[in-house]
């Protein structure tokens, strides 16, 4: 079963069509990069997949659940259970420490567990920064914290919107290394970027232009990992 | 360019500016209302306290008060000295004439209601006498206003009604006198001749004082019965006064011991002793004495009321100032992203302060004017509801308000400016 | 259990780590609390306190003999006094009027309890000093003027006692009394002194009482004495009692209105401050929603913050409000303020209500917002 299926999805804001008849399928464990110029509809696509917006037309199926007809309340539940979000601008709760920022995601999901949150931090190499506030962290550290937060509830799909957009090269590489490890553990990743060198790390690159998919090509050599991971990636790595 | 930015901020940020202006309106309206009420409350309460009755009693010089308070036997040696009724309108021509609220003359004689019962006092007074003053004004004055606490069953007498009489409630109860009945009033003059007048009972009154055992008739009727035409025994005066201070106390002992300067201050202040002194000046051979029971107590209550209002005003002004600066701070900080952008574009701290202040002042000016008008409304609502009269808008309030508004605006902008100066544009723009 | 911990952690951190903003909100709530409690306490206390001030007008209840008797029996008066609330009685002063003769002219001599008269007639002014011994007297100002006698002089009065021969007694003038009233024409001496001269102790012509209770209550007291003690007719001094009631009602209405206006405006300011503080947090709400918070989570967090803020603010406000009420009470009425419990509870409740209401309106609006839009940060 595919982790994500889009059939003929369109998104219209007033007169402007941000997405036009987009169809896209993502298999479990696949790493997809979405590329395109500003205004090509990348962010709109991410919002629809991330359950933050509903498509005007078409069908969206995420891990077997049909999103198009769902109420906002149910969308929140789906997002919480199945998706990990990573933003270009990090978006951390400014008054909570690093570990608390992870625990808040656990709290909304099910149960806050400080030990588990600390393990997640360790995994992204931030164990020594656990008690710092976001403003005391560098950009790269903040993004790593975001990744740790996105993964804490074992999402089926990780959505990253320009995850390296605000980072220098060193930090960009650190973040991409984390993505590689995630991928190796079997998480599906959809990553929006406009940088070809970042997109080059993905298995498959989708090009958007004026709201349409103009090119959808696998970037072969890595080979598609077989089957769905049956255990939580974070859990695995912590062991 | 600067003005264009300000104009842009003013015209395009209507909502935020409106929030600030509204806060200012609220605060200034409160301050205006409180200050106006505070400055006026003394006069208002003074008016109310006038219901306590006369605070000055004028009697002929040399006459001792041998009438007594509680209806004990008439003392021996009543001086046969009187004041002239014709001179009374002069009371309304003294320096503080405007402060004389009411006055009424009294003439008491002892009469009997039948051959052998104990004598009863019959007092003659003005009730609502119409006077045309030499100044061209005219006033209505008399017991109706001065004895406002009397509970009258029936109607107050008319000043031209020389056959009517009002009977005190205790006397009426003792003798079974009813409104509408007639009463033979017998007066024995110094020569022992007896005069009888049949008078009609127009009203029975309850005063809670010794008058409850007495009869009250018009001054003309009593003068005629006693053969004392044009004469009065004493005059009760009710005047608006300023609470006494040391100067007034010294003057009350003996005004001639004051220095020339003190004398003038005293004479031109509405102290009860100064008003009494001025009444003595216009009435021949008179002695005007402040009734300390009323004058002193009024002073105390006025002072307390003013102090109370002053403290309440200070509290509310402090609260207003704090609340508004709080709001101004919040609304300036809300715009930190915008300010960060300006800084990124190369604005200096000075330019940014100026911008913030200019905007704040536009909001303050708008809100301040609106607030002043609304505040006058509040003040008159309070005046109408509490005292049944408008609270006068005092000019002194306006500069006070302006100073307050400026202080609050600057005070409210300061913390915001300090914060914005420390702001690094990158942080703001990246929303950290 | 652990999740509760996390909830409190979020709420506390939000309050403690956003110090400057929360301080603004706290200050606003504290101001509201100050006004509410301070003015409320003053409003509540005014009739009591001002009532005492009005007692400077002198007695508001007098006792005279009922029926045909001319004098009051003081033991009966004591019985009547026991019917009055002891803590409200400012003073109870007997006056006994007698006629004596000075150079063959009659003068009224009043015997009274000097200490008590100073309380019931605080407006009396004495030049010289108050009498301390039985043979010392106060001269009314008019008497002093006619006799040309002043403090320190002595005065011989011809006394006609109830029983026995008339005799002449020499008394010392300790001071001159000025009241502007009938007392100016009297001679005053201690009651015990008058009793020694005239014989027949334990009577009075009239007893003046100054009682710090409002008009209606006074009428009830008078009625209970009329019914309960024979031989005494209590009379309200209507002029004083009535005007006092009117002026007090006006003052109370004034403070009430002023309090209402100030409170109304303060509440609006508190509300507006809370609103701006919460409005800034739209982005944070969007983020929390993006990482999976439901509306109930967000509502609960703001509710928690609001309760804490309102509680702390109200506490702070109550302390400063109490100080304010105390300052007013001490400087205006020279008395400690009394703080009824219901006022404290009401302050807490109002602060809570206003704070929650003011923070909830913007939260509700923010919750409708798409997380996607707030996060983009435009």
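For clarity, chains are labelled A, B and C in written order, and residue numbers in each chain start from 1.
Here is the rule we go by: a contact is a pair of C-beta atoms (placed from the backbone, for glycine too) under 8 Å apart; a residue touches a chain by one contact, two chains touch by 3 or more.
The structure presented is a predicted model; accordingly, all values stated were derived computationally and were not measured.
Asker: Taking the mean of each chain's Cα atoms, which chain ends up nearest the overall Cα mean?
Answerer: C
Asker: Let me check something: if the centre of a chain is the mean of its CA atoms, which chain is farthest from chain C?
Answerer: The chain lying farthest from chain C is A.
Asker: Chain B to chain C: how many Å between their CA centres?
Answerer: So the centre of chain B lies 21 Å away from the centre of chain C.
Asker: Please compute the C-alpha centroid of chain A, do the same for chain C, then give the distance between them in whole Å.
Answerer: Those two chain centres are 70 Å apart.
Asker: Counting only Cα atoms for the centres, state how far chain A is from chain B in Å.
Answerer: 76
Asker: In chain B, what residues contact two or more other chains?
Answerer: 431
Asker: Among the residues of chain C, pick out those that touch two or more other chains and give their numbers.
Answerer: In chain C, residues 283, 377 touch at least two other chains, as defined above.
Asker: Using the touch definition from the top, which residues of chain A touch two or more other chains?
Answerer: 89, 94, in rising order.
Asker: Mind listing the chain B positions that touch chain C in their complex?
Answerer: That would be residues 19, 22-23, 26-27, 29-30, 33-34, 37, 41, 45, 48-49, 51-53, 57, 64-70, 72-73, 75-77, 149-151, 206-209, 212, 253, 289-297, 300-301, 304-305, 307-309, 311-312, 315-316, 319-320, 322-324, 326-327, 329-331, 333-334, 378, 381-382, 385-387, 415, 419, 431 of chain B.
Asker: Going by the contact rule set out above, which residues of chain C touch chain B in the complex?
Answerer: Spelled out, the residues of chain C in touch with chain B are 20-21, 24, 27-28, 31, 34-35, 38-39, 42, 46, 50, 53-54, 56-58, 62, 64, 95, 97, 99, 105-108, 121-125, 127, 140, 142-143, 146, 178-182, 184-186, 205-206, 235-243, 246-247, 250-251, 253-255, 257-258, 261-262, 265-266, 268-270, 272-273, 276-277, 279-280, 283, 324, 327-328, 331-333, 377.
Asker: Residues of chain C touching chain A in their complex?
Answerer: By the definition above, chain C touches chain A via 2-3, 5-7, 9-10, 13-14, 16-18, 283-284, 287-295, 297, 370-372, 375-377.
Asker: In their shared complex, at which residues does chain A touch chain C?
Answerer: Those residues of chain A that touch chain C are 43, 47, 50, 52-53, 73, 76-77, 79-81, 85, 87, 89, 91-97, 100, 103-109, 111-113, 133, 149, 153.
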